[in-house]
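The structure is given below, and queries will be raised subsequently.
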Amino acid sequence: MIRPDAPILLEIQGLHASVDEQPILNGVNLTIRAGEIHAVMGRNGSGKSTLSKVLAGHPAYTVTAGSVRYQDVNLLELEPEQRARIGLFLGFQYPVEIPGVSNLEFLRVATNARRQERGDDELDTFAFEDLVRERLNVVQMDPAFLERSVNQGFSGGEKKRNEILQMALLEPLVAILDETDSGLDIDALRIVASGVNQLAGPHTATLLITHYQRLLDLITPDFVHVMAAGRILRSGGKELALELERTGYDWVDAELARQPVEVP
Amino acid sequence: MAGSTAWLEGLAGAPVPSRRLEDWRFTDLTALAAIHPKLAMAPDPLAGVTLPAGVSRLSSEAVEALLGRALHANHSEQHWLVQLNQGIQPAVVGLGVSGAAQPLELICDAGEAEGLVPWRILLVLEEGASLELLQVQRSSGANATTVITEVLLGAGSELRLGSLGLGDRQACLLTHLAVEQAPGSTLALTSASAGWALSRFEPRVVQSHGAAHTQMRSLQWVDDQQCADTHSAIRFDGPGGTLDQLHKAVADGAARSVFNGAISVPRAAQQTEASQLSRSLLLSDRARIDTKPQLEIVADDVRCAHGATVSRLQQDELFYLQSRGIAAAQASRLLLRGFCDEVLRGLPAAAATWRPLERLLGADTQLSPDPEQPAAPLGKV
Amino acid sequence: MSSAATVGDLVSQPYKYGFVTDIETEKIAKGLSEDVVRLISAKKEEPAFLLDFRLRAYRQWLRMTEPDWATLGYPAIDYQDIIYYAAPKQQQKKASLDEVDPKLLETFEKLGIPLSEQKRLSNVAVDAVFDSVSIATTYKEKLAEHGVIFSSISEAVKEHAELVERYLGTVVPSGDNFFAALNSAVFSDGSFVFIPKGVECPMELSTYFRINSGDTGQFERTLIVAEEGASVSYLEGCTAPMFDTNQLHAAVVELVVLDDASIKYSTVQNWYAGDENGVGGIYNFVTKRGQCRGERSKISWTQVETGSAITWKYPSCVLQGADSVGEFYSVALTNHRQQADTGTKMIHVGPRTRSTIVSKGISAGHSVNSYRGLVQIGPKAVGARNYSQCDSMLIGDQAGANTYPYIRCQQPEASVEHEASTCRISADQLFYLQSRGIGFEEAVSMMVSGFCRDVFNQLPMEFAAEADKLLALKLEGSVG
């Protein structure tokens, strides 16, 4: 939903970032307003996943230039957990397994950390169980997964559902979903997409990072951005994704040659 | 029959290890005392051997420059087996390898000699060289064989090393192997021993800068009053090395099997991946098995796992075979064959002529009357 | 209060039991001799059999040398520079708690062990040992109604001499090892528990050991006997003040279990560990052993070892009775310059005996943490089974984790299985938890307690949460 007067939730300006001194992001600009769904597409290695990790504050990446404002705070100054508590959510492409840590306990601690930030009461074990069982419906997940260790032994699809379950519990303002569609069969993809659609609303925004059109058939983006060589090369509406589906990414090289990378 | 081991102390310049020492706690050296106290002439393992292309004798200068280096790198100098062999100063068989060499076999045959028979071998693989070598230690009399083998593996070189010890019930085998691996080198060591009154095998490997690959497969089989002891030690002195170690033992009669496997992963050895598995079969209630993995880690980004099992043959597997009409004794032999074969099949091809499996299990290992019966489905012990 | 805040509070406090109670203490002169052994025995008005036991041990000790096989490094201990007997000046143990020096009651209250009638824990009976002496035992009368004896060992020597004489030193003989011999010669106090035939002890029993004096060695002795069909769960806790010298603690624990009986023995060890440079801290050299004498008897050791500069401790089970069961669940955490060499021995003697070992070692800072265990299957242990699992977690690249699992097997109809692994807290796992709003320290603490869960599950309920917090506290500042 595009409303030009809606408040800006996330504003990325001239963002450069590197890992092991290797520049990956080379000047990303992106503005996201409440109610919008953005899709970032691009080939492998274009910097899409890096963008999501930098926004979430992964310690392996160093921001070398640029700024990211989230509502009225400087996002880059915050620890990863602080970013999560104020409503930024990253759905991981490859959620890690954490043996020994109970999924239910993890979800409860995370949910309470977010609730505390918003001034809500903490949920005790019983109240939380009620909440989590209700939210399980969003992703049609088997409650048995609550009793296991975080992501341990989950299939690819189960891991992704667990990610969306976390999103449903944390109620983020800005959700970044990194290749949430990868490794999912069509049924799982539908469930995940429907979860995302249920959670999207006029006051929140979603940033989908994806390779393929198929996710965008299920979640309609308001804006599509094509990333290459660490920046956004082109932006457009949902028709841009369809065009990519037809033409592929070959035009990107020609375009890149015309727009040399700026050095910060 | 019990003689004295004082003469060995004289040779080694150090007392025969006492069982109060942790490294010798379970190893009964009385069989050594029965050996006639004299030095015997060790036949030249290269006599009558045509060295394959790519393998040449090292010059005496090269031997002088390189001898002792692998021992030093493995902190082996103070080990009693090394002191004993060095005290005797046997002639050094020095071999250099460049390029991809054809397989080679080195036979140290103590035969029926009486006394102590010493060998010392130095093997140097140049950068990128590769070799398949089978070392055979044999005895058919009341003697003690001492062999030190030093191996220097240059960057990117590959050595497939088989060590086959086929003993005599009166004979002792004392072998120390010290390998220094440069980065990118690969060592695939397979050893098997059986038939000795006493055998002590000390394979030691250091990956001097990490980033090398070590695979070790060993099998020791003891029966009657025999004692076999393997003390392995692997150290990673740099990052990114791998180790895949499997040690197997079978103890029957009133025999004793000892395994001590040390793995050391110091701080410099980040990203090491090491695994060690020790599997022992105890076939008699008079035999005994002692195993002790020894893992020492001071690096956090490593993956090290080890495991050990001691048991008899799996009863459900035995039952399965019996339910197909195979007699219990033969079913056991078949399972044992599978157990041993997992190690033995790693030996260089030349080992086949020594028929190691038949020596371990007796002639009756084949399913008669059809000796071509495939062993594969029976091999999963 | 949020759990995140709890961890915050915890990590802001270093060792919180480091205070010293200012109380007048009666001490004997430093040093050890036959006269000192006689003096201790005389002070405690002991019967002749016990003096003989002590003297025998002392003479054996004189001929022994300190063990050096463990992966430990520490300066030589001067056994003549230690005080072997210290007791708060308060003659005679009081019949009523009202007569106990309020300073002592206050000390234990500060340690979270209220002893007074109004405040004490409702379902845990406590024996409180201060330096060398037991100062109070709660719920004695209530336990006595069930025939359960729970008292200091000094009292037991007087009131139940025949029981003590029958069992003392039968599991850990006076000359068992250097430290056990030392303990047998000079032990001061400790707890005695006797659960008669068929009785299930109606409450948790607990002994709380407090070292207060800076120059005193602590040598307590615990003896627990469960007769046929009896069962008991027992917990010991330990703390000490912060001194920059090292104190020696050499305890002996003996457990005897008869047919169908069981003892569950849990330890939360939090002796002072020394500072981050390794100055000060307790040297903890402890011999703990239980004997499953009866058929179908069971001993379960659970330990959470977080304190001490040096820990040398191998709670063991001798599985004599047919079908008897031994268990060992251990978490050992070392940080800074701590050294721990701990594990267990499972000695399978009888047929169909079973044992389980689960050991979790966490090494941080510059510490060294070794698991050393022995599983021995004797020739008569037909059908015996053991399963062992030893996992190490490394935090930082300066800490050491060693694993030495011995297996000795003489019985073909037995099976022994050992598995070990190492892991660390990976940056990706931490980031994942953080990206869900969980703070750094709490994320670490969640992962550490997840790693230890198999062991914490074995602790009595009241103490599992304590153990969790203790680990978080001990790991302060060691990750990242």
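Each chain carries a letter (A, B and C) given by its place in the written order, and its residues are counted from 1.
Everything that follows uses one rule, which is that contacts are C-beta pairs under 8 Å (C-beta built on N, C-alpha and C of every residue); 3 or more make two chains touch, one makes a residue touch a chain.
Just so you know, these numbers come straight off a predicted model, no measurement behind them.
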| item | value |
| --- | --- |
| Chain pair that, of all pairs, has the most C-beta pairs in contact | B-C |
| Nearest-to-centre chain - CA centroid comparison | C |
| Averaged-CA centre spacing for the pair subunit C and subunit B, given as whole angstrom | 43 |
| Approximate Å spacing (C-alpha centroids) for the pair subunit A, subunit B | 55 |
| Rounded Å distance, subunit A centre to subunit C centre (Cα mean) | 49 |
| Interface residues, subunit A side, partner subunit C - complex | 56-60, 79-81, 83-85, 90, 92, 95-96, 98-102, 105-106, 109-110, 112-114, 116-117, 122, 149-150, 166, 170 |
| Residue ranges of subunit B in contact with subunit C within the complex | 22, 267, 270, 280, 282-312 |
| Residues on subunit C engaged by subunit B in the complex (per definition of touch) | 69, 377, 379, 392, 394-422, 424 |
| Contact footprint of subunit A on subunit C as seen in their complex | 2-4, 423, 426-429, 431-440, 442-443, 446-447, 449-453 |
